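Sharing a structure, written as structure tokens. Questions coming.
Read from first to last, the chains carry the letters A, B, C and D; within each, the first residue is number 1.
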């Protein structure tokens, strides 16, 4: 199934969660002295409690990336010092599609990053926890969004797109090896793997992955449209996938939280993050827009 | 629920699999320079692809343990060198109940191990992947088999007793801390934890855990009884839980494998392991005994 | 000897090199899930080939720090998320005295950092590879610059101040333990420790450490004075210790390199770093100023 | 110099100590999922405080080896399970020459181990902390004892043969790479490397290494001869290098310790270890034999 979606050389390794998919992918792609170039906003940097460093001994070389997107120029800020034994050697670029800021790399942007990384001898990892949302946004298939763009290894998300708990590592560069041993060693091998694989089959055999992700994206667009013109509401990122980032005036977020749960993104500037999912309904969106309308008018 | 089963001070942390439960338990129980005393036959030594060493940087100090059981005397073979900076410092004893060899520690044996470990300043970890089978064999509850015997931290098994994929760490010694951070860092935190917890609730809220384990034990006893007197069949371990270890004459195992799947235990001496589970039926046992009868009579 | 210099509670552990001193100090000061707040320019972040991450599994939480100096405000940019299992837990602030940019924290600045860190429950590590230079610049002793300011653990430099190869970890907070085991485990225990200790005694028993460092600082001040007014020469950092940072016009650095060896600091902006040492002479300084005068006048 | 001694393809990396040499050598020779087959008596297993496990994430697969020597048959006890993801994959055989028990592999024994390891796809590491003693005992050069026998990477000892503190990794298999990065990452890179290298040059440029080691061996042989016939003194290992292992009657060791310092080897059976070095004199040996004579006659 995975080869049908990603290409004939793809190898796949189901795992339990996104942290596992990301850490194993990076660990498999670099030598022991390798480092990973990523956006400072990357999930692997901000939300894994140091798992890449702790479990895999990986140094992250971060760059501030507007909209959460890497570019060749941003990569160059960290991709240097090759051959200098004092510096952790850049070996992989890790990008997230769709990004942690709800934006989506275009195919051209992806190819530019991959081509640049490869020209420097680096491999490209895609944190695809929300890759389905990225594909839905771009209107392309998984292969176009990964293999054809030059990506070498993918953390393919399932849990954020409706599964109970299942992700997969998809290896596109056949020189990346040892995932079977690493998966066991890193405690991501299920003894009853069939119950993980079955979830992935349910999502990806047909077009459920694409329909669910497209629906989540649509709900985010609808939510953005419904609140964009409210007074004191400032949408801070292009709404391209299933997330809306908004700066609210003091007190508004707290009033809204009485009925809707969401995370602060940047407490200092009053920015919050709203994420829509496969089971967000039009009614949910309308209700939240209403609640916000009441909260800002107080 | 867990406190009802293990005592008022128990803290529980659901995880994905047994490797995770074991490695996190050990990591949480020792300082960075600590080592773990265990049987050479312990699962953490033989079947985790080095996860304790790799993920947690733990040195295992192994002893040959007849029947897979540690004793105070066996522990002493490795529990020495305290204060010597050249030696990894023994800090935890890890035992398995029921053992990897299908035997069961009596409550007296457990207490002796725990008392001895504590007298040396070591904590006691129980790999309880098959703890339910141990309790069924002893006819005691979880609390008697752990807390009351002096165990400090338990890997509580679910998957081998019928769950899709769920285990739990149960912390009985309140000085063991940081499991919440370690679980995330070690990639064992589910984003939809409820689907892991629900499995554990289904198993442990009533007596399903005990009935399933007791049934598996009964099937193993029945299997042992059915094959014990066959020519050339030598049962090598006391059948106290849900496993039967047998030495067969050359060729017999291969003939039997045409209809039943099982692992070699010690290829050199022709020893194999048969494990019964919650869904092994009396018919399965009879069919296997019949198949073995045919295989040995050829 | 060390207690005479740092206070009665100091414990000291000689090691081979600065990487070892830094990594062990940090590792001893944090739990397994702890992270270290430091300047992005810190040596532990830029020049240890990932040793903190790889050997000790430590995540570095970096902030851009003008002049290489942390402040309470800068620390706050990373010291948050306490209790959130998704975030590596800030546990130590690591500062460098004198800094990687040749500046020196005043005693007031040190106290402010230490007080703020302690108020958040964090310990303070000082990378003191050039602590002697810091003391010479401030005109204070080692105790005033560390213990009295609130520092908890120090990497005490020797190699940069004239030794063949010897550094020491000085533990000031008696709750930090296990250095003896960690030193062996981290491969920093010499079997003939006396040859490391003898170097440290030679440097620190009298005032050689202070005289050597003071001389190096003087030479840097003299060098700065000698080149400050040359056309196209821009000194970019206050010259407070033994280093001078300069932006030169294109081609100048390469001409100067024909007779003097030094590193680029920021190739993009033409910034280089000149470091004076215990054996830099007034003649060396004059010769380099002359060489620069010729290089800029071409 | 090293190429003259080991062959044209040798690459050498000076390091601080034996722990560093061993751990880096092993780390460089195996994939992340690799394990090391060694004698249970190997220094890497018994006296490194878990450095291989902790720093390099290496699992040691140990076998009981009489006289401290591995053989093809002993290697086979751990070199199995290739391709089984549950088992740490055997990737390197590590042997010690001369051994921890004072014995010396013959060239034929070395070749047998290397050939067998290579036939299984494993590399061979030699812990050569006392390789000079081994060469002196065999009457062969370093090349014959390593490269020509098939060894792939060597920890070349200096400190035990008279240096202040200097060892070297000698890479003989050119497919083993990355030592420069690993050395820095593992905190074994001296900033003033010349003071480490100078020691190695002093020892190995001429024949000092061989004369010093030969002398130490001679002193051990003389010591063994002088005590062999004393009542209650049982030499337990062939005295082939610079160590003598003896079982003494109760109380004798303690009386002897009043004038001579040495370690217990196996406290339970009263076995102690005496090691001679480059600066042991004939007078030292005579005095110790005399002291023992007095101690046993009391």
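Keep in mind that, in the parts below, a residue touches a chain if its C-beta (ideal position, glycine included) is under 8 Å from a C-beta of that chain, and two chains touch if they have at least 3 such contacts.
It should be emphasised that the depicted structure is a prediction, and the values quoted were computed from it without experimental measurement.
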Notebook entry, point to check: Counting shared numbers against all numbers at the contact of chain A and chain C, is it over half, same, or under half, different?
Noted result: same
Note to self: Taking each chain's centre as the mean of its C-alpha atoms, which one ends up farthest from the centre of chain C?
What the structure shows: B
Notebook entry, point to check: In angstrom, rounded to a whole number, how far apart do the mean CA points of chain A and chain C lie?
Noted result: 37
Next item on the list: Report the inter-chain centroid distance for chain A and chain D in whole angstrom, where each centroid is the mean of the CA atoms.
Entry: 50
Checklist line | Multi-partner residues of chain B (at least 2 other chains) | finding: 32-33, 48-50, 54-55, 57, 85-86, 88-89, 181, 184-185, 189
Margin query: Taking the touch rule as given, give the residues of chain A at its contact with chain C in the complex, in rising order.
Written below: 32-33, 35, 46-50, 53-55, 57-59, 62, 85-89
Notebook entry, point to check: Which residues of chain A touch chain D in their complex?
Noted result: 27, 31-33, 57, 85-86, 88-89, 178, 180-185, 189
Next item on the list: Sort out for me which residues of chain D touch chain C in the complex.
Entry: 16-20, 23, 48-51, 54-55, 159-160, 164-165, 181, 184-192, 195-196
